[in-house]
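For reference, the structures are reproduced in the following blocks.
In what comes next, subunit A is part of two complexes: it sits with subunit B in the first one and with subunit C in the second one.
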Partner chain A sequence: MNAGANSLWGDARGRLAANRAAVASLVLLAAIALVCIFGPLLGAHDYDRVFPDYVRAPASFAAQPTPDRIEPGLARVAARLRAQATDIAATGDMLRVTLEGRQPLDERALAFFERSDLFGPANVVERREGGRILVVDVALERNRFLFGTDGNGRDLLARTLVAGRVSLAIGLLATFVAIAIGVAYGAVAGYFGGRIDAAMMRAVDVLYALPFIFFVIMLVVFFGRNFVLMFIAVGAVEWLDMARIVRGQTLSLKRREFVQAAEVLGVGHAGILARHIVPNTLGPVVVYTTLLVPKVILLESFLSFLGLGVQEPMTSWGVLIADGARNIQGNTHLLVFPALFLTATLFCLNFIGDGLRDALDPRDR
Partner chain B sequence: MRSTRATAEMEASVLSIRDLDVRFRTQAGELHAVRRVSLDIARGDTLAIVGESGSGKSQTMLAALGLLASNGIVAGSAKLDGVEMVGASQKALDRLRGRRVAMIFQEPMTSLDPLYTVGSLLVTTIKRHQGLGAAAARAKAIAMLARVRIAEPEARLSSYPHELSGGQRQRVMIALALANRPDLLVADEPTTALDVTIQAEILELLAELQAEMGMAIAFITHDLGIVRRFARHVAVMRGGEIVETGPTHDVFANPRDAYTRELIDAEPSGRKMPIVADAPILLEARDMRVHFDLRLGFFGAKRLAIKAVDGVDVQVRAGETLGIVGESGSGKSTLARALVRLAPAAGLVRFEDRALLPLSKAQLRPVRRSLQLVFQDPYGSLSPRLTVGEIVSEGLRVHSPELSANARDARAAAALEEVRLDAALRHRFPHEFSGGQRQRIAIARAIILRPKLVLLDEPTSALDRSIQKTIVELLRELQAKHGMGYVFISHDIATVRAMADRIAVMKDGKIVEEGPTETLLGHPQADYTRRLLAAAALERGTARPI
Partner chain C sequence: MVGFALRRCLGAVPTLFAVVTLAFFLMRLAPGGPFDLERPLEAKIMENLQRVYGLDRPLHEQYLRYLANLLQGDLGPSFFMRDFTVGQILMQGLPVSMALGASAILLALVVGTGLGAFAAWRQNSAADHAVVGLATAGVTIPNFVVAPVLQIVFGLGLAWLPVGGWNDGAVRNAILPVIVLALPQIAVVARMIRAAMIEALRADHIRTLRSLGLGTFIVVVHALRGAMLPIVSYLGPTAAALLTGSVVVETIFGLPGIGRYFVEGALNRDYTLVMGTVVVVAVFVLVFNLVVDILYAALDPRVRYE
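On to the complex of A and B.
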């Protein structure tokens, strides 16, 4: 297609670019998507790594361990060595600690320092009283949990980003599936009309009548819990709306003169559908897509909330929010951050949908 | 001396527009629709504002009445009886509009609110502006409907707009507009959407009412025939400016501006060259019938058969043009559609040697190459999501699948050049073209297959007069070059006269008269043909002025 041509889509692009809310939403959505895709690769922590010492750590910019965590942490390690920690002196990321036990201390047990999430390896600086008292230098292992950690001590930032991958993937893929089926089905039903239309749309009505949750539970019973099942379940339900929208569009389009002109030229059914009907339904389809993606994400959240969705340790925004909702007293960060990402995404998609609808509206063209 | 006369003129004029400027803010930038227009309409006078679509004639009056779309910016002055309208408050405008100035629009279908009865529309307007009680207002409404010659006005009060015909709706609009005896009536193409015979009636009605009530009329139109016959003064607009203004008679007798001259000469002229006498018969239809079964009521209990085409015989020879004339609803478009099997037909249709009606879709395909249809509406008949090149070459995709994409593109370019369009424009989309250009594209799409017969369903009626003329010339030229036969369907006698060898007049699904063009137009036999011709003569302004 000629690049200089001022097509309908080019026109729409110009209008969309003039819509500030839509452009800001596009930028923010792209940022969220990029962070979700590449963030976990760059991030310090794996989404499934457990930090037993940092269970439900609050969100903070400060590097962990915070000073108030050091003493209890030391006490815990010292207890394993059957010793007591005294004379704690911190210089930067190094600690000098005096460990004092009743019997000479087993220096191999100093490995407990390294196993803790708080400390690095320990070096013995001085041995006193035949090894009963050890002065050791311990490095602090610095960790940052910007979003805090969850009930199992996993980094919430890493989990939120990984959850974003899952939610966005389901949102986009299930939407794509729904649109592909819905457009084809609706266009065929609307174009051929009559009995074919009636039969096809009654089938849609039957599927509409199926309770969604019941349907999902049935799928889970038959096939077990499976990530792919989500796509199938959501896609199998959401195309119904699309089919109805496209059918309605097609019904009015097929009476338009350009379709009749194609008929007079001798263009066959497939050609008319592919070249004249489907391209002209794309305006509403694009708009509906942007509304469908958030709907699907919400649906996935809902299923995951019920425990029918993705499985631990894999996660999605819906799972995280469900978890956060359970811990809302005292650990609000568990709810706030995933919810923030989800709502931002939904808002963006809705604004983009609104913007697209306005941009593609031919009324004041 | 001169200045006092100027003031006197100012006082005498109902509407005085000075340096009116209208701009629209659009996506593509600012559109300067009206450029410093000055106009005066004297009390009781009729001023016609003439111009083609896009000339700013409607926008000038809308701006003067404060009715512009929200993205319009107005500058200058428009005084109604000395009261400034530009920049006046909504409240002040509401007081004036409806009482001092009223407006009627082109489309009587959409300008009446479908949810209210004629009576409630009329009574509300009368009560609001004249402060009458319900009974008095009702009596007035009945009198008003009688005045616009609506039969059984009392019964009509409880009718909804959709129960009325187009002409009746326009009469109701006029009754609504004149109910409060305005000083000025703005009529924006009030007859364009109507059939010729009804047009004539509406114009006569307006003239009578003006004589009776003495209001001034600003008549916006693109049709010079109406102007000549109806208006005392005329202002010709082009590109947002007034190019010529003066008494109608003077302007028509001595047009000073080249554009005015062009407009006056815009009627299609010339005649088609006759065909050879023994040309083979291309298309023959005998006793063709198209009946639609309407099912009304629950489960289609009531049945109503509409006989859109009822036993029609037509015959077209190679290279011949058959004109089909008739008013809307006469079945002429349905006939064309049935000939290409877009509508279900019964009877016999023979194209060359094959009977068309029994053919299956696949069997029909090779015939379609030689039998093409051009639609009336150049906006609806081009797919908005395809480029012009793709649209034009679509037939080749079907009928010459052996052609490569490049070869198709070259053929499309050639076809576009044949209809006098720049072939470089073939990568653009239809919405970037004007109505006339779109109709050329539609013609290119039909002729790229080198058809033997093209059905032209009102190909010029959605276009401005001067563009109609060029399309008619183009069609004649293509016919002379390729020897195609045409079936030319139109309600416009002048265009058909310039195109056709023979004319068939249709009414209510039947052909009432048929004959060679000059014979039929010169000596019409059927009563209906005479009425049609009389109305058309009025429209063209060859008849006496009112």
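On to the complex of A and C.
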């Protein structure tokens, strides 16, 4: 071990770096976070753009429209023109089509080509029989749906990435709320002790005995299905364990010499709590935080699964998975991709949490 | 020990009272009421309905009346399922939830302990790593992902088991839900047992047993006894949660347990039904905390009844 790195955090960093699972998880998690944050900016499609012609397209590397979609697509557009499409010849991304109607065709209706998700604008190359037959050049509009599309024809890749932003943001924000409440509550209860401690911890017992789902649902009912308030509601439910952990730490910390020294020097309660108690509880708090983030993300997806969480067209991994679970027959891609992202993230966070616990508390190995 | 148990029981009464009070007023503070429909009822009809259910009285009076009824074991009529009392609804659902939950706990204990003990005995072997990896997977993969996958594979693909339904408690129908319920618990139990066993296998008394040449099985059983302690405190709250039903599992498999009433009741503002579920869960949590305390004292002679 490096002789210079002998502070608690220096040692911990060294031990964490030696933990291969934790390091790999950190890298993967960072990659997922970066892709979710910046991916939608690079991606071709908006998460809420509907492609009516590509409902439940399977996941594939091939560019749409695939050859088998071209002919039915042409037939649909031709029907809008009251014509029939014949003599289809494809060269690269261009099609040459002959449209034949009973009466002269209205060329303004060629705009239907552009309105379809399959084609670009159409140019008339040749008019025959007084406009009853048109030969047109049409560009194919190439789209790629690496993860396929959902039941409304929206790009699942774009949706999964945007959902990742939402889920990760909820995880972080709600965890922050929970940690802030839990640390403050636990430190105060443990530090003042006696009746204050007994009363405050009894309140925690009561909240523990309340069915957790009831509590969350009541909060959702109160705040409506509001995005930001959801974070806070989830955070406000998850602080109980944190409060217990910090209280236990504080009980032993407050008898230590440095706290007595601070008391002798005339430091006030607030000063001692802020300067000496809370910073010294940081180790367990950090470990618990990394383990709380996946719990919160799971809770968010659970609420979204029940339809109480994030609302359409906004989305989160929970919303996507719920949708995938409903459509699992024949459309497994709707479940597989969001579930992969979610479980990979949860895996990473759990390994990082375990690694941090080992790093910060070598006795516990 | 009887005195200890009695004292703890009495100590739980104020907590239960606080839970009931908190839940009652939280529920009433929520906007909307049980008879608010998309198309509003006529004022006179609304008034009559409110009077029948006593909702026209001042809130504190309703609260006192609810407490008085509760003390006599009367949970009141359901506002939404009009022909049933809350007691009847819960009595129908609770056995289903409890049967599923109890089976899941049993399965988790047996499989989890086996896996954990095996992994600890072969620490750092490939089998050990496999168990740890599986345990992490069990904790991280959400049950609403596992359940549909199992339904597809075993229900539709292989057609071994029914996809859902309760079918009056047929074993075939219970297998998939019990597995889904048990998986995360198996994972947690295996991890805890493994960690505790590794510690226990290094203890002096185990080394003595080994040096006396006792067989593997006997040594493991002795080591397990010490390793069971953390499991007991973990299982208390878990058992309370599992026995009172799971919203997700009951929804996905279409089971008539009480888990779904938590969500349904709160969304329908079915005040009495929600209060009923709250009371049931609170009683389970408090009872199991008590059981854990008593078991702990019985398993670990160092813990004394205060």
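We take it that the second predicted complex is superposed on the first by the 338 of 365 C-alpha atoms of A that agree within 3 Å, B and C clash if a C-alpha of one lies under 4 Å from a C-alpha of the other, contacts with A are read in each partner's own complex, and residues count from 1 in each chain.
The working rule: a residue touches a chain if its C-beta (ideal position, glycine included) is under 8 Å from a C-beta of that chain, and two chains touch if they have at least 3 such contacts.
Quick caveat, the model's predicted, so the values are computed rather than measured.
Asker: With both complexes overlaid on chain A, does A:Pro279 touch subunit B (first), subunit C (second), both or neither?
Answerer: The first partner, subunit B, only.
Asker: In the overlaid three-chain picture, which partner chain does A:Arg15 touch, first (subunit B) or second (subunit C), both, or neither?
Answerer: Touch partner of A:Arg15: subunit B, not subunit C.
Asker: Applying the touch criterion given at the start, work out whether A:Gly271 contacts subunit B, subunit C, both or neither, answering first, second, both or neither.
Answerer: A:Gly271: touches subunit B, not subunit C.
Asker: Just subunit B (first), just subunit C (second), both, or neither: which does A:Val206 touch?
Answerer: In the superposition, A:Val206 contacts subunit C only.
Asker: With both complexes superposed on chain A, which partner does A:Ser301 reach: first (subunit B), second (subunit C), both or neither?
Answerer: Only subunit C is touched by A:Ser301; subunit B is not.
Asker: With the two structures laid over each other on chain A, which partner does A:Gln260 touch: subunit B (first), subunit C (second), both, or neither?
Answerer: first
Asker: Pick one for A:Arg244: touches subunit B only (first), subunit C only (second), both, or neither.
Answerer: Once the two structures are laid over each other on A, A:Arg244 reaches no partner at all.
Asker: Just which bits of subunit A does subunit B share with subunit C as contact spots?
Answerer: The overlap between the subunit B and subunit C interfaces on subunit A is empty, containing no residue.
Asker: Spell out the residues on subunit C that touch subunit A in their complex, using ranges where they run on.
Answerer: The touching residues are 15-16, 18-19, 22-23, 26-27, 29-32, 136-137, 139-142, 144-145, 147-149, 151-152, 156, 237, 244, 247-248, 251-252, 262-263, 266-267, 274, 277-278, 281-282, 285-286.
Asker: Could you list, by residue number, the parts of subunit A that touch subunit C in their complex?
Answerer: Residues 202, 205-206, 208-211, 213-214, 217-218, 221-222, 294, 298, 301-302, 305-306, 308, 321-322, 324-325, 328-329, 332, 335, 339, 342-343, 346-347, 350-351 of subunit A touch subunit C in their complex.
Asker: Hey, which residues of subunit A end up touching subunit B in the complex?
Answerer: Result: residues 1-2, 4-8, 11, 14-15, 18, 256-268, 271, 275-276, 279-280, 282, 362, 365 of subunit A touch subunit B.
Asker: Can you list the residues on subunit B that touch subunit A in the complex?
Answerer: That would be residues 27, 337, 340, 342, 364-365, 368-369, 371-373, 375, 377, 380-387, 390, 394-395, 397-399, 427-429, 431-432, 442, 445, 449 of subunit B.
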